[in-house]
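In the two assemblies presented below, chain A is common to both, partnered first by chain B and then by chain C.
For the complex of A and B:
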């Protein structure tokens, strides 16, 4: 199926540049890893709903490192989709100078304008308000954040981020590996869950920091203040008898690459992705962890050899 | 695919990228977003799969590096090459 055909009635009319009719003249600046991100072109209702959704991450004014301009699109541009039993995956069309994105009631593009100092995003949607609007915006911000972090030599990782006592642990694994279960077990012992879905990794000197993202599954604080901790270990979750096995650096890198959504499907940025993740994988110890039902998992994490 | 023979010339598929790390290799297949980890022998095979040297040449090169019995090494390399071809990491030169 060609790009956009699943979501758009006329994919050939996908916007060729970041232009169109604004919803309004309102804006919100979000303190997201890789940002701040300026979301502009909003109506008053859209601004209100974004502020409610992102809470303590919203601020007014100040310099933004990345931008997302929002434009109107007619509802007729988008196909009606029966989502029963369907796993939603955005349709991506990468190119050397940018990325096109198609999804449910959204068209977006990321551009790296020649000579420009920052990544620029544009979103076209028919959603005017409510959770439908904030979901469309969040889906676009997930992609924007992944690419922005890569620009900075970091990465957005599909993972559970657990923190406590000043340190963090990143739990990797495909859907069903146990990230949310592991997160719940750690919560029960008093640890903090940054997110059970997406977390950011950034280099800091010789180490790595894990940064909370407002993109969560069932657990994590979607709208709280930014949080960051030094990363103590990577854990690849697996099913089986209780075991802790050290991973080689190659295995750790492979786990991170597989868990870097959006950018790991972009052939124009795969070298950049490997360049970013290789030092991250080398900077912290990595393990494969299997744990039994009801395990005191936070205690297990804290006891991992340094 | 026909069985791989020592005369076969294979190369890395165009969508494959890999990095050597401490002897192993992390292989990224772009077309499937699949990520593999190869051990040291597999990583060496990837290095040698340049589309110019035959599988027999690989065996000669690796025989000098490993102490394994030559016949065993040859069989292992042929089997491994077939696996990588089946996995879409290597392809025969047309």
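For the complex of A and C:
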């Protein structure tokens, strides 16, 4: 299926450049890993909904590292989709100069204009307000954040981020591998969870820091979790009896690449992704962890050799 | 660099990896800017387009013509469809996978094998 055909009635009409009719003149700046993101072109209702969704991460104005401009699109541009039993995956079309994104009631593009100082995103949607609008915006922000972190030599990782006693553990694995189950087990033992869906990794000196992102899974936003914590270990989750097996550098790197959403589907930035992830994989020990239901997982994590 | 390639091989074993094409070595099959999906396979057959790590570290997608012994081990003999010469022997350990979207016909496989035999015969004559 060609790009966008799943979501758009006429994929050939995908906007060729970031232009169109704004929803309004309101803007909000979100403090997200990778630097403040200015979301502009909003109506008053859209701004209010974003502030409700992202809460304390919102502020007015100030310098931004990335920008997202929002434009109107007619509802007729988008296909109606029966979502029963359907797993939602954004359709991406990367190219050397940018990225096109199609999804449910959204078209977006990221561009790296020559000489531009910051990554620029544009979003076209027909969603004027409410949860549908914030979902469209959040889905676009996830992509934007992944690319922004990559620009900085970091990564957004599909993972559960566990923290406690001033250190962090990143649990990797595809959907169904047990990230949310593992997060719940650790919570029961007194650990905290940054996110059970997406966490950021950024380099700091010889080490790595795990940074909380406002993109969560089944557990929702975990109040009280630290915003950032030094990473102590990477763990690839697998099913089976309790076992801890060290991963080779290549296995750890492969695990991180597989868990770096959006950017790992971009062949034009694969070298940049490997450049970013290789030092991250080398900076902390990596293990494959299998655990049974009801395991005292947090105790297992704390006992991992340094 | 080995770690990076090993990681890519791990990924290609699990699911196809998308690779961007640069250059015109495989014209008209691929043009620069195309994207191809690469998957690891247990066997590679003449006519397959295989992606491997070249001596410089970059990835190359060329047609598999056949096999030969090199430094006591089996190696692939490859060549770009639009290239005038074949490549240096490619160790099996340097192969990432084959391009999924290319399904060579029997005639295309026979043509690749014919090129390989022609190459072998020319070496024998020398």
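In this text, the second predicted complex is superposed on the first by the 300 of 306 C-alpha atoms of A that agree within 3 Å, B and C clash if a C-alpha of one lies under 4 Å from a C-alpha of the other, contacts with A are read in each partner's own complex, and residues count from 1 in each chain.
One rule holds for everything that comes next: a contact is a pair of C-beta atoms (placed from the backbone, for glycine too) under 8 Å apart; a residue touches a chain by one contact, two chains touch by 3 or more.
Bear in mind that the values here come from a model prediction, so they are computed numbers and not experimental data.
**Q** After lining both complexes up on chain A, report clash or fit for chain B versus chain C.
**A** These partners clash in the superposed model.
**Q** Tell me the contact category for A:74 with respect to chain B and chain C: first, second, both or neither.
**A** Once the two structures are laid over each other on A, A:74 reaches no partner at all.
**Q** Could you look at A:96 and tell me whether it touches chain B, chain C, both or neither (first, second, both, neither)?
**A** Second partner only, chain C.
**Q** For A:85, decide between first (touching chain B), second (touching chain C), both and neither.
**A** Neither partner.
**Q** Which partner does A:250 contact after superposing on A: first (chain B), second (chain C), both, neither?
**A** Both: A:250 reaches chain B and chain C.
**Q** I'd like to know which partner A:241 touches here: chain B for first, chain C for second, both or neither.
**A** After superposition on chain A, A:241 lies in contact with neither partner.
**Q** Check the residue A:205 against both partner chains and state whether it touches chain B (first), chain C (second), both, or neither.
**A** In the superposed model, A:205 contacts neither chain B nor chain C.
**Q** One more residue to check, A:267. First (chain B), second (chain C), both or neither?
**A** Both partners, chain B and chain C.
**Q** For chain A, which residues belong to both interfaces, chain B and chain C?
**A** Touching chain B and chain C on chain A: residues 248-251, 253-254, 257-258, 265, 267, 270, 274, 278.
**Q** Give every residue of chain A touching chain C within the complex, in rising order.
**A** Contact set of chain A toward chain C: 94-96, 248-251, 253-254, 257-258, 265, 267-268, 270, 274, 278.
**Q** Could you list, by residue number, the parts of chain B that touch chain A in their complex?
**A** 15, 17, 19, 21-22, 24-26, 28, 30, 33, 35-37
**Q** Could you pull out which chain C residues touch chain A in their complex?
**A** Going by the criterion above, the answer is residues 2-4, 6-11, 14, 18-20, 33, 35.
**Q** Which stretch or stretches of chain A touch chain B in the complex?
**A** 248-251, 253-254, 257-258, 264-265, 267, 270-271, 274, 278, 281-282
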